[in-house]
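When the chains are written out, they are named A, B, C, D, E and F in that same order, and each has its own residue count from 1.
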Amino acid sequence: MEYRIIKSPSRGTLDILFRRKGSPSSVTIEDYDAVGLVQGRLIDMVFAADIAEKGAGVVVEDIKGHCPQNLIMIAIFGDTASVEAAIKEIQYKLKEAKTGEIG
Amino acid sequence: MEYRIIKSPSRGTLDILFRRKGSPSSVTIEDYDAVGLVQGRLIDMVFAADIAEKGAGVVVEDIKGHCPQNLIMIAIFGDTASVEAAIKEIQYKLKEAKTGEIG
Amino acid sequence: MEYRIIKSPSRGTLDILFRRKGSPSSVTIEDYDAVGLVQGRLIDMVFAADIAEKGAGVVVEDIKGHCPQNLIMIAIFGDTASVEAAIKEIQYKLKEAKTGEIG
Amino acid sequence: MEYRIIKSPSRGTLDILFRRKGSPSSVTIEDYDAVGLVQGRLIDMVFAADIAEKGAGVVVEDIKGHCPQNLIMIAIFGDTASVEAAIKEIQYKLKEAKTGEIG
Amino acid sequence: MEYRIIKSPSRGTLDILFRRKGSPSSVTIEDYDAVGLVQGRLIDMVFAADIAEKGAGVVVEDIKGHCPQNLIMIAIFGDTASVEAAIKEIQYKLKEAKTGEIG
Amino acid sequence: MEYRIIKSPSRGTLDILFRRKGSPSSVTIEDYDAVGLVQGRLIDMVFAADIAEKGAGVVVEDIKGHCPQNLIMIAIFGDTASVEAAIKEIQYKLKEAKTGEIG
């Protein structure tokens, strides 16, 4: 799983994310100071989205790439401090609770 | 095959799963305490879905990722105990009956 | 190539297969005792479908996964004995006639 | 590149190929004794289709798999002798003229 | 990056290319003596298309494969000499100007 | 991450990029001296698009390939000097701030 934080994202960058987000286009994603990008496997991203959502002051969107094998990317929008806190929380919770293996 | 159990999934997390589920959008997936995610190969996931469905108190959905090679993910919705029981049953049954190899 | 046989498949399992089958949705796949799943490369699956179809008492469907590289899956519906016979016939015929290599 | 020849293909096998062929559905592919399947990279398959088409008594179709990386499959329909001759011709011509490498 | 040159392409071969080309279907690709196929990564193919287009007497089309990872294929239509000249020019220019690496 | 700069791109080259760009087709991409292509992972490309957008005199578009695994490509349009400056800036900023790893 990898992440990046973009501060004061440009208009064009938000457009790229906006065109790829999973939620209906009526939901806008424009009024935020920072965006955190987290890329990983589908199963982990659903888990990470849940952790971020339960934090304060952020909005989570899943972003469609082009046919990543079993990877998706989520974007976490909010002020810089909240986005950084969400990324930290994901790092902490994922270390604590590893994905289980069957078979 | 890998799994994760999310307790009290957030609204945004259920939205991500809802937008990716295979069944018609008239079916809602909102009223559950927990969700179990199991990710694996198509052939094993159909088998796992069958095991989970035959257990009590859970609903099974297949979740579309972005073009995972031959992987899909199923989500098992229900109260925490039922979801954990379904995951345990899948682990047990899959150990018992390995996928057969031809040629 | 890999296979699994599911006896008395559950409603939800048949729904997952039904939503992914290649034939028109007017064709129903509900009235069978067992389903055999065979997963492999496109070229081998067309060959396997032909072997199964020439056996008695089974119906063959190709099932769409999510973007398996050059893998597809076929499902063989019928009573348990017929499905097991079809899987055995595929095993035997594919051992006899290997896929040819060019260049 | 790999190939298989199916003699007297069953109705269901032809249906699978028919649903996946690239040409308009007005073109039918039903009246042939045999079908040769050749699977390989896009660049080689266009070349192979051209070789087969220039032979006598066969019809060539490209068959869509599920997202094979850069693989496609062509099907060569005709009587058994013509299909076998087309496969032989492809083997011979591809040995003679290897795909060129740039850079 | 790989290439092949097909002289006097057959009707069926042109049909396969025609169904997969990126430009609108009003543009026909039928009146050429030869077709050069070049397959490679998206970034190199855009570069190669530009080199070929700046040569004389050829038309360039991008051809859709089935989900090649980051590969696409371009087809260069023209008389045999022009197509061969275009392929040579691509070989020369790509040796001269390698793709740059970042990070 | 890889890049190429094409000076005075040909009509056909711009058409290939135009047909693959993510923004609405009302936006034209024709009036530029040069185009810089940068290909990489989705998470890095969003980051790179943001860096380029914050530079002067360039327009950034994301370009759809065919199902690159988790790769996308961005195109940076502008005069040659601005495009080269944008590529340099991306090289510099990405060396400075590596993608973070979780777990």
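By definition in this document, a contact is a pair of C-beta atoms (placed from the backbone, for glycine too) under 8 Å apart; a residue touches a chain by one contact, two chains touch by 3 or more.
According to UniProt, the chain labels map to these proteins: A, B, C, D, E, F = BMC domain-containing protein.
Computed from a prediction, not measured in an experiment: that's the story for all the values here.
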In the chain contact graph, what is the shortest path length, in steps, from chain C (BMC domain-containing protein) to chain E (BMC domain-containing protein)? 2
Note: chains that touch chain D (BMC domain-containing protein) and chain F (BMC domain-containing protein) both are E
From chain C (BMC domain-containing protein), which chain is the farthest off, judged by mean CA positions? F
Report the inter-centroid distance (CA atoms only) between chain A (BMC domain-containing protein) and chain B (BMC domain-containing protein) in whole Å. 22
Taking each chain's centre as the mean position of its Cα atoms, how many Å separate chain B (BMC domain-containing protein) from chain E (BMC domain-containing protein)? 44
Can you pull out the residues of chain F (BMC domain-containing protein) that are in contact with at least two other chains? 44, 65, 67-69, 71
Chain contact graph, described as a line, ring, star, complete graph or other shape: ring
Going round from chain C (BMC domain-containing protein) via chain D (BMC domain-containing protein), the chains run C, D, E, F, A, B
Please output the residues of chain A (BMC domain-containing protein) touching chain B (BMC domain-containing protein) within their complex, sorted ascending. 22-23, 41-44, 46-47, 49-50, 53-54, 59-60, 62, 64-65, 67-72, 97, 99-103
In their shared complex, chain C (BMC domain-containing protein) is touched by residues of chain D (BMC domain-containing protein) numbered 1-4, 6, 9-13, 15-17, 19-20, 37-40, 44, 63, 65-69, 71, 73, 87, 90-91, 94-95, 98
